[in-house]
Amino acid sequence: MYLTREEVQQIVLKAKDEKGLTWREIAERAGMPKIHCTSALLGQGTLTPEQAERVGQLLGLPEPARRALTRPPYRGGVPMPPTDPVLYRLYEVILVHGPAFKEILHEEFGDGIMSAIDFEMHVEREPHSAGDRVRITMSGKYLPYTRF
Amino acid sequence: MYLTREEVQQIVLKAKDEKGLTWREIAERAGMPKIHCTSALLGQGTLTPEQAERVGQLLGLPEPARRALTRPPYRGGVPMPPTDPVLYRLYEVILVHGPAFKEILHEEFGDGIMSAIDFEMHVEREPHSAGDRVRITMSGKYLPYTRF
Amino acid sequence: MYLTREEVQQIVLKAKDEKGLTWREIAERAGMPKIHCTSALLGQGTLTPEQAERVGQLLGLPEPARRALTRPPYRGGVPMPPTDPVLYRLYEVILVHGPAFKEILHEEFGDGIMSAIDFEMHVEREPHSAGDRVRITMSGKYLPYTRF
Amino acid sequence: MYLTREEVQQIVLKAKDEKGLTWREIAERAGMPKIHCTSALLGQGTLTPEQAERVGQLLGLPEPARRALTRPPYRGGVPMPPTDPVLYRLYEVILVHGPAFKEILHEEFGDGIMSAIDFEMHVEREPHSAGDRVRITMSGKYLPYTRF
Amino acid sequence: MYLTREEVQQIVLKAKDEKGLTWREIAERAGMPKIHCTSALLGQGTLTPEQAERVGQLLGLPEPARRALTRPPYRGGVPMPPTDPVLYRLYEVILVHGPAFKEILHEEFGDGIMSAIDFEMHVEREPHSAGDRVRITMSGKYLPYTRF
Amino acid sequence: MYLTREEVQQIVLKAKDEKGLTWREIAERAGMPKIHCTSALLGQGTLTPEQAERVGQLLGLPEPARRALTRPPYRGGVPMPPTDPVLYRLYEVILVHGPAFKEILHEEFGDGIMSAIDFEMHVEREPHSAGDRVRITMSGKYLPYTRF
Amino acid sequence: MYLTREEVQQIVLKAKDEKGLTWREIAERAGMPKIHCTSALLGQGTLTPEQAERVGQLLGLPEPARRALTRPPYRGGVPMPPTDPVLYRLYEVILVHGPAFKEILHEEFGDGIMSAIDFEMHVEREPHSAGDRVRITMSGKYLPYTRF
Amino acid sequence: MYLTREEVQQIVLKAKDEKGLTWREIAERAGMPKIHCTSALLGQGTLTPEQAERVGQLLGLPEPARRALTRPPYRGGVPMPPTDPVLYRLYEVILVHGPAFKEILHEEFGDGIMSAIDFEMHVEREPHSAGDRVRITMSGKYLPYTRF
Amino acid sequence: MYLTREEVQQIVLKAKDEKGLTWREIAERAGMPKIHCTSALLGQGTLTPEQAERVGQLLGLPEPARRALTRPPYRGGVPMPPTDPVLYRLYEVILVHGPAFKEILHEEFGDGIMSAIDFEMHVEREPHSAGDRVRITMSGKYLPYTRF
Amino acid sequence: MYLTREEVQQIVLKAKDEKGLTWREIAERAGMPKIHCTSALLGQGTLTPEQAERVGQLLGLPEPARRALTRPPYRGGVPMPPTDPVLYRLYEVILVHGPAFKEILHEEFGDGIMSAIDFEMHVEREPHSAGDRVRITMSGKYLPYTRF
């Protein structure tokens, strides 16, 4: 049986709900950072066969679903501009601080970019007396433009 | 004399170039994080009168320019989707990891968002043997939806 | 059984129609303001487990539907610009009075925004001799931009 | 001399800045609600000749500017979707609560709309122990669809 | 049984075709102008319970369809810009004569609009020796902007 | 001297304002319906040399401006969707009543369109006890699709 | 049975494929130009009852399909800008030669347009030693703007 | 002196107006088809040095303008969808007859396209008793997709 | 049985997955370059009857699927701008290097284009000590604009 | 003096035209591939100080222009979709062959992308008996997605 990545995503959401699992628990079983494991299960990344195996056992996924999770998907899961407030706030950060980010990047690194491929991202809860904070850390390899 | 924020931005870029200053130096004089000071000077934020005074002296800005820097601007300085590769990679992070971010945020905090207003952002160079990395840290207050 | 928020919304509309209930009656049972209860049932917000329980009993919703109503949805239920005249008139208010609102907000509060998260909204009928009026009240927390 | 509404708007912003006036003071002189007076001066509405006269004296506007303020403008001063966070939050309110507003309006009034023309809007500071709030009040005439 | 307005529209088109009825005949039975009755049946307006009853008998609509026709719909049935030449020509009239209409309206009425709610529209065949003409008449209430 | 249609439009608006003329007076001098004369002067149509002469004398237009008014312009003077409420209401009429108009047109005429070229449009004030009304009359030639 | 134009189009494509017919053969049976007959069968035009009868017999269409082919459709079958290279090249002709076409049309005819309704279009193979050519001929009635 | 193609276009329009020349006369002097000569002068094509010389003499263009007319321009002079009715009717032809054109082209030629580069286009007045017609002829080389 | 190109594409993906075949193996059986064979199977090109036969045997496609693969499809399989990073990087190459490509093409060839129809494209792995590289080669016929 | 990248681009185009230089000659003086040198001068890349010096001498650029050429620009010089046929053909290659490219890339490399930063591109004339061809070679580093 052949399953598309969209079909697998629906199977995963259903299984997660029925088994009462969290993304954190699934990511731990996969041995992956939370964001990256969740992205893969939402059709935005791939798992290794071993990771697919472990996640597949935890969620009770059929074999074709596990195989599908190792196939590179068409990435891009957010209609832009985002209408959901959680996603829009990230978008707004680019609208407002994007130009400053570009200036600082060039000043400190030269003419190049931060990779979104050789890249990791983490989200943590940061306790704070005036109200807890969401802490996002991104780390991407600096890629200089080729010099000739 | 009345200056718009756009006029002030051109004056700042010109002065910075002619005096050979870096954004880092300007931010240090202002006593502000690099990204936030640079955003303000690019027309995406405000300075306090004291910060405007210090930055104004460093860059040799006329009084109306200093005053303008304390006026809230129309924010939103990036045409979307961004065509510049530096900015596009940030945009791509939302496209790819946005849905996972939303899932994790709700799992760890509940129904709410990360503020983009009570927010700070830092960019640092992260030395790495396989090539240095760009490290972005964001911290925004968690805002729960009002419960009735 | 796993139900999406869209499936729950259809179940709610059907049940409301068949039982001849009003949004006002449903909101009263939930103990919530009309707009916020209705928004949640239209897939734009969440109920607490207790609210979901009470609404679920009134409408005869199955358990998975009640559980789904406590899960944060992807918000954003209006194609923009809105084609429906009721919604367009609100949109027009932003087009016409948005700039003035921004000026007054900054003049009275400083550089910040009105939260749409820590926010409540009410709609009431306002009797008037020249024809009754629709009265909308919004109240959102003022959030100042972080000062460094 | 003939002045466009855009030229008048620039003259007003300049004069207001140089004389150190607030929108509140200008509106009081005009005898108008703050939002509506400010909207008119930002090119989104009209003043009566008397209001234009009073505002013109306060701001020192030339006669052609005063005359221009009584001419109906092309309304619509906000690029949509708004990139500025202050304006975006209002837009988000429509995205999220628009459908509920439509349901409640029809339930309480029938098949019709809230006018955005026979309309008034006020913004006030609402003191609150957990942080002051922005209070917006809108009142628009209910217009039923013609019955045949 | 609960029927959406889209489902009712399909039932109406099918019944009209099978019974060989015209919109004119249906409108006469309803006692409504042709355009307004047809709009309502195409999901762009409402009927009174009596009108729904009469139309329902003529077309043989089930009771839930008749009830649905009295519920306010999401209006806006034309993808814009219209690709159909009949609709595009109306759109072109706005593109070409819209600015003149605005000038004349303000010159003859002042600062206000023509209502599209308190509004009626008729279409008639106008015999003409050089080829018959389509005559459209619209009449909308003039709504002046509130004066403060 | 060569003048573009845009330059002529600015000259006309200035002259009309300075001479205190109305569109009605200008149209009467031209011997044209108000909408069509105003459209032409706003760069959306042409005048005959005689009409240009008469209007030119009334407004004191230089010869190159009169000549320009006889040259077919690039038509289409309204950014769509319109943000101005006067224009938006016409646009809304198409959104809401466009499909019914298409049905009625085909029912009464067959497969064809109403011309927007062999077309005239009038706007009049219609006195009414419940508030005066705006009356728009359009008359366009019916054009059947070629039959083979 | 009631069939939509989209359903009829699928029936036609299926029947044409299974019977191994060409558009040319179908058009000859209908007695129509190839482009216009094909357009009608692709949901972009109408047939007369006689043409529908003849085409219906050739393709073996059920009676409701024949009836549907005489009903005016919603025209406009190409998503714009076209992504298919065959269609894009026509679109490019407008992009590149549209302005010259407008100048020549006005120079030779005056202020008016070429009708797309009283219009015919033919496509032929034009043998050529350097490679055969596609020859498109369009003929549309000249429609002058109404003179007042 | 260096002139952009846009500057040359303005010079050409001015000279043509002041000398009272037609596009036909200019094209005859250049020895080119009307559409193609006019397209080139409107910044959508190139002239050979000899053609530029002849046209330059007729219009009195300075040498840098003649040189510029031989430089390949950025083509694409029509904002899409076109708002001008003359151009829109061509666009509508694609919307309505594009799919039929594609079917006929493939049926008669196979899998390929009509070139818009090895292409010519003519516009002529076609006398007709029921009103003259605009006749457009296009001829483009058939280009088959490469077979491997 | 009649199959659309979309249906055939799904059959191909399923068969390829179940038989564990690669695109390279399929292309070799077809005797075609990898990109062009894969494009055809993804609904973006055609096979000859012989190629369809060979590919059909390898994948076990039913006869109607083989026939469908020889029918010219509606090309254009990528929503633009692409959200998938693999496709976006190609898009970015146009954004960044498109203008230079145009300059060089004209400088070396004159006023014309590179054909995307008489065109081939290859992708190879290029071993490199600093990390292997993706090598894309495109070769398209130069097509000069017709000279008159 | 401070010059923007746009101002420098105009100075370069003017100097190149007046000195009768080719992009090839300029690139040779810079010691860079043609595409990359031209891109930089068109505001889409940077030169090293030495390259800027050599190019500056050849073109006679003032010192601030040379300095500006070493500053990273906002990249993205093509409005999308491109209207110019040269650029559109590249765009069409993505529309048509993009999906196949993605499949082949993943099949031969795994889950990753081709870099558009560590990237080079060459364009050459390829003599051919049936008409010369444009040969484009791109080589970009393969970047695998980070594995966790």
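Each chain gets a letter, A, B, C, D, E, F, G, H, I and J, in the order it is written, and its residues are counted from 1.
As a working rule, a residue touches a chain if its C-beta (ideal position, glycine included) is under 8 Å from a C-beta of that chain, and two chains touch if they have at least 3 such contacts.
Note that the coordinates shown come from a computational prediction; the quantities given were computed from them, not determined experimentally.
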Contact-graph distance - origin chain B, target chain J: 1
Copy pair chain A, chain B: interface residue numbering same or different (half cut): same
Matching chain pair for D-E (criterion: over half of the contact pairs shared, by residue number), options E-F, B-J or A-J: A-J
Averaged-CA centre spacing for the pair chain F and chain B, given as whole angstrom: 48
Distance between chain centroids, defined by C-alpha means - chain C, chain E (Å): 30
Chain centre separation (chain I, chain J; CA means) in Å: 24
Chain B: positions in contact with at least two other chains: 36, 45, 74-76, 81-85, 92, 95-96, 102, 106, 113, 115-117, 119
Listing of all chain pairs that touch each other, if any do: A-B, A-C, A-D, A-I, A-J, B-C, B-D, B-I, B-J, C-D, C-E, C-F, D-E, D-F, E-F, E-G, E-H, F-G, F-H, G-H, G-I, G-J, H-I, H-J, I-J
Complex contact set, residues of chain B against chain D: 2, 67, 74-76, 116-117
Chain F residues touching chain C - in the complex, by the definition given at the top: 81, 83, 85, 88, 92, 95-96
In the complex, chain I residues that touch chain A: 13-14, 17-18, 82-85
Interface residues, chain C side, partner chain D - complex: 22-24, 34-36, 38-39, 42, 44-45, 75-78, 80-82, 84-87, 89-109, 113-116, 119, 121, 123, 125-126, 128, 130-143
Of all residues in chain H, those that touch chain I in their complex: 31-33, 36-37, 45-46, 48, 71-72, 74, 102, 106, 110-113, 115, 117-120, 143-148
